[in-house]
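Look for subunit A in each of the two complexes below; its partner is subunit B in the first and subunit C in the second.
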Partner chain A sequence: MREQRRKDAVWKFLTYSFILVMTVAMMVPLYWMIVAATLPQEEFIQFPPRLYPGTHFFENFAVLHAETEFVVSIWNSVFIAVVYTVLSVLLCSMAGFAFAKYEFRFKEPIFYLILATLVLPIQLLVIPLFLMMSQIGWMDTFRAIILPWLANPIGIFLMRQNMRSIPDALLESARMDGATEFQIFYRIALPAMRSSLAALAIILFLFQWDLFLYPLVILESSANYTIPVALSGLEESRRINYDQIMVASSLAIIPLAILFLVLQKQFVSGILAGSLKE
Partner chain B sequence: MSTKHTSDGYHRLWDRFRSFRRELTERTPSLTRSQVAYLLISPFFVLFGLFLLFPIVYTIYLSFFEYQGVGDGRLFYVDLGPIFFEVPRIAELQFVGFGNYTSMLADGLFWQSMFNTTYILAIQVPIMIGLALALALALNAGFVRFKGVFRTAIALPVSANIVAYSTIFLILFNETGFINYLLSVVGVQPIEWMRSEFWARKTIVGAVTWRWTGYNMIILLAGLQTIPQQLYEAAEIDGASRWEKFRYVTLPQLKPVLLFVVVLSTIGTFKLFAEPYVITGGGPTNATITIVQYIYEEAFVGSPNLGYASALTVVFVAIVSVISIVQIKIGGDD
Partner chain C sequence: MARIDITDLVKVYDSGDESIVAVEDLDLGVKDGEFLVLVGPSGCGKSTTLRCIAGLEDVTEGSIHFGDREVTDLRGSERDVAMVFQNYALYPHMTVRQNIGFGLKLSSSLPSAEIAERVESVAEMLGITPLLDDKPKELSGGQQQRVALGRAIVREPAVFLMDEPLSNLDAKLRAEMRTELQELQHDLDVTTVYVTHDQTEAMAMGDRIAVMNDGILQQVGPPEDVYRSPANEFVATFIGSPSINLLTAEVDGTTLSGPAGFTYELSNPEPVEGRSRVRVGVRPEDITLVKGGSNRATVSVVEPMGNENFCYMELGEHELTARIDPTLRPQAGEEVAFAFDESALYLFDVDTGEALKTKTDAVAAGIGTEAR
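Entry: the complex of A and B
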């Protein structure tokens, strides 16, 4: 009995140690980002480095702001991601509702066609999209970044699966009360889907927020850069040091990290929804 | 006088508009349900066809050609009086048949990028899934307190922008960076992470693992929570040890989720681009260049070999699809 208790204690100790070590490992890069962002360059590059944050954040930010258009990039990224998310959620839920609750011709084949594209890494359609955008004169525009990804296969798939759970009797009784089909959609279907919509919105927002290869190809002028494109260019700029790059990274990471802390439940359900593609 | 007059005019106009609208709604029958369905789905499907289906087909088409520049003039146009639009020629192309595919076979850099990607994958995915599974098990254990805090902290990298976190790793693994400092504390010589093939690849592995372990942990944790508690109770009555409970209850029950996570991570790491692009630039001497990065360079850096890059994309997508299909087949057996 005592033997067993000792074994349990050792096991508990090991489990806690593992969790703690991993937690610290996950925090180190973020901590180091903050240290680097708040130190002047001279103090940061010395070896051994200073291990705790300084007070130089705003000076570093001032240099970043004076030498680059990074603040504009933050605005661009937020603007693009928000507009994209709103439009795509609307589009996907409309189409998902139609697939879940209506009968129409070619319904099955169209749905299977969409399903088939689920397995494709759609970010890789860069080459044809680049040619299309340069032909129609959309290079270096936000609409070229937003439009191609609006019809998101994951989005319609999720919405179709979830909309199916709305009872038909509910829709039927609304029809009896004289509601039009569109009223049924936005008065009954959308409110019933609130939590799925939140999860989908997070999936789509992160998809657009992390898009890198495609905007790197499409966006040409620095005034139009999104955060990832602007960040990847900072490294090559001679007037910018690591401190300033870390200020930029902090500005890219911290708002989303706060959003994650606040909306953790929705993030988790977004991850789970996005993972349950089958 | 005149203002009253215009205001009356507006009212009259508004009344006429309203009666016109009433007439219109009364005369046109309300939409049938299938018409509503078409209205709901058409915006999605137009964009889907234009920006997804067409590019897929066009990528395959392009892979049989050599790209010779942006097309000029138009392919065809539609002129119906008020409605006029033209479809431009997308590109100047020279048909080469399977030429792009055969030259791939002799392309050293293609094989190098395939090798690099597979190498990073073969190390990164097992480490990450192992860590994610261990963390999920640990955080699912009954005796652990502050679960929420730990889970949040470990999952926090999920929200980190890909390029932003890559720049952090660039600085962490700098020659005078924090990692080398830690090594010096324990008495290890500093490592030139970006100069050595071996260590450059490990840096990429570390970065990707940091970003995605928490993500996979969340999925596995959800999977663990669906395992019925009675199975563990039954195993305990049979006197099963901790390892036996894991081996004979947890693992088989978790298998579908675990498999799913493995495939998702495999595909994710296969698509690696931002991390090597930012952290190592594909170096040293192409030791970390990935397939997607190679496609990007063929297509958009220097002279644009869009035909060849399309052929590379087709091969790449085929491999990814095969991995997915194999997963569905294996997963479907249960």
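Entry: the complex of A and C
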């Protein structure tokens, strides 16, 4: 009995130590980014590095602001990601609902075809999309950034899996109550999927937020740059402006942090959804 | 309110290259205000029939009328029916109030004040007023059941459809709700089709019961008629608990001789005339243990029920069940003699299972018994 308890305690200690080490390993770059954002460029490259924040943040920010349109880029990124997330969540959940709850011809083949598109890397799609966008005159527009990715296969897959857990009787009951198919979708299915929707929203938001190569090809004027594109512009050919990159990166994580804080509760329960029988 | 007429209903499920006939040539009429119970083993087509009436399934052939109105091709919401599902199917994100009012809000043009009023009065009728602002997950099984009923009642439909609504409740609550549901149906006087696999429930609740097997309607009638005069061996076996005793006997003039030395002398051999073999059935309550007699069986188990004992006996390979007086306690292994009246005897065709003779003993009309 006592032996077992000691064994448990040792295991617990080891487990927590491991988690602690991993957490620190992940937090260090983040911390360093914030510290570096407060240092002048000379101090950034000195050795040993300075490990506590300096006072140069606003100076660095002022330079960044003067030389680039970074604040505009943040707004661009937020705008694109928000519009994309809202539209894509709607589209993916509608497709997922249809695949989970309706019977139609070639349902399975179509679904697997959609899944199969997951193997196509973005790099492969960039050139055909570029050609398409330049032909229809959508170069340097936000809609060219948003539209091609709306039907997201991961999103459709995720929503289909979750929608399947909605009991058919619930939908039939609504049908008997006189609900139209669309009312069944948005008044019964969607509210039942709240946590999955939050998880999906975060995944889609992050996907669009991190998109780099495609916007780099499509967006031409710096007033339209998204954050990753603007950041890359700070790497000049002969000099990398670490101070400004760090300030910009620090600012860029703020919207993400806000999004995650807002959706955190739903996100966690969404990941766990279906793991426990209620 | 409406009568329901189902004519030549066929429902076939096509799944790729094989097709399953769930309901075959069903003809069934439900009278206005009647409580009809569809009963049968699982997979017999009773739920499919209900879903066809509800409009949740397309019918393959045949027609369904509510009164004079043909509803065969109407959507469920256009048929003026309300359905109670086995697992209640309450909307999890809505309060009880919203659950009950949802259908009215969508399908009627009633002003919201009127809807609120009707929800309140239904809740009061069902005794769930204090729960109106709770979510379904905060309710007990019995309370959820009431909300599901409330959702059906509030719409004041022409027809109630219930798909095993009591099967998720524990035994005591089920018995309570059974009575309550009957009273409610009686008060509201709405035509009701009720599906169950539980023959006790069917017997207790139905004005008439319809027994189904393998997609085919076997018999429709008042519970007592179905019990006393089953159309065939399946109905006789399915209705009644414990189940009817059955064995195959050779016919020799007026004598039936079965396994392990079982013999029975018929005073009226007319039903078995011209037959060499016949299926013999006796209800457990009609078997009595006697002092002396030629038919003997070995007691295997006696289950005391308090008010009576179930005595399981072996007659050769066959098992017999008798409901006997609680003061009688035969011991396991003991050999006992048994007897039954000819009026209580059932006879069925060996091949088709069709009934040749059913109970003919008199039913006394008197206090609490309906004269027939």
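By definition in this document, the second predicted complex is superposed on the first by the 211 of 278 C-alpha atoms of A that agree within 3 Å, B and C clash if a C-alpha of one lies under 4 Å from a C-alpha of the other, contacts with A are read in each partner's own complex, and residues count from 1 in each chain.
Keep this in mind: a contact is a pair of C-beta atoms (placed from the backbone, for glycine too) under 8 Å apart; a residue touches a chain by one contact, two chains touch by 3 or more.
These figures come from a predicted structure and were not determined experimentally.
Once the two complexes are overlaid on the shared chain, A:P191 sits against subunit C while remaining clear of subunit B. By the touch criterion defined above, A:L256 lies against subunit B but remains apart from subunit C after alignment on the C-alpha atoms of chain A.
By the touch criterion stated above, A:P109 is placed in contact with neither subunit B nor subunit C.
Shared-chain residue A:T117: touches subunit B; no touch with subunit C. In the superposed pair of complexes, A:M22 makes contact with subunit B only, with no contact to subunit C. In the superposed model, A:M176 lies in contact with subunit C only, and not with subunit B. Contact comparison for subunit A: of subunit B and subunit C, B touches the greater number of residues.
When the shared chain is aligned, subunit C comes close enough to touch A:P167, but subunit B does not. Shared interface residues of subunit A, touching subunit B in one complex and subunit C in the other, are 278. For subunit C in complex with subunit A, the touching residues are 54-56, 75-77, 81-83, 85-87, 89, 91-93, 102-103, 106-107, 137, 151, 155. Within the complex formed with subunit C, the subunit A residues making contact are 167, 169-170, 172-179, 183, 188, 191-192, 194, 278.
Contact residues on subunit A toward subunit B in their complex (touch as defined above): 11-12, 15-16, 18-19, 22-23, 25-30, 32-33, 36, 45-49, 91-92, 94-95, 97-99, 102-105, 110, 113-114, 117, 119-132, 134-136, 147-151, 153, 156, 180-182, 185, 206, 209-210, 212-213, 216-217, 227-229, 231-232, 234-235, 242, 245-246, 248-249, 252-253, 256-257, 259-261, 264, 267-268, 271-272, 275, 278.
Put simply, subunit B touches subunit A in their complex at residues 30-31, 33-34, 36-38, 40-41, 43-45, 47-48, 51-56, 58-59, 62, 70-71, 88, 90-91, 131, 134-135, 138-139, 141, 143-144, 150, 152-165, 167-172, 174, 176-178, 180-181, 184, 210, 213-215, 218-219, 222, 242, 260-261, 264, 267, 271, 273-274, 277-278, 292, 295-296, 299-300, 306, 309-310, 313, 316-317, 320-321, 324-325, 328, 331.
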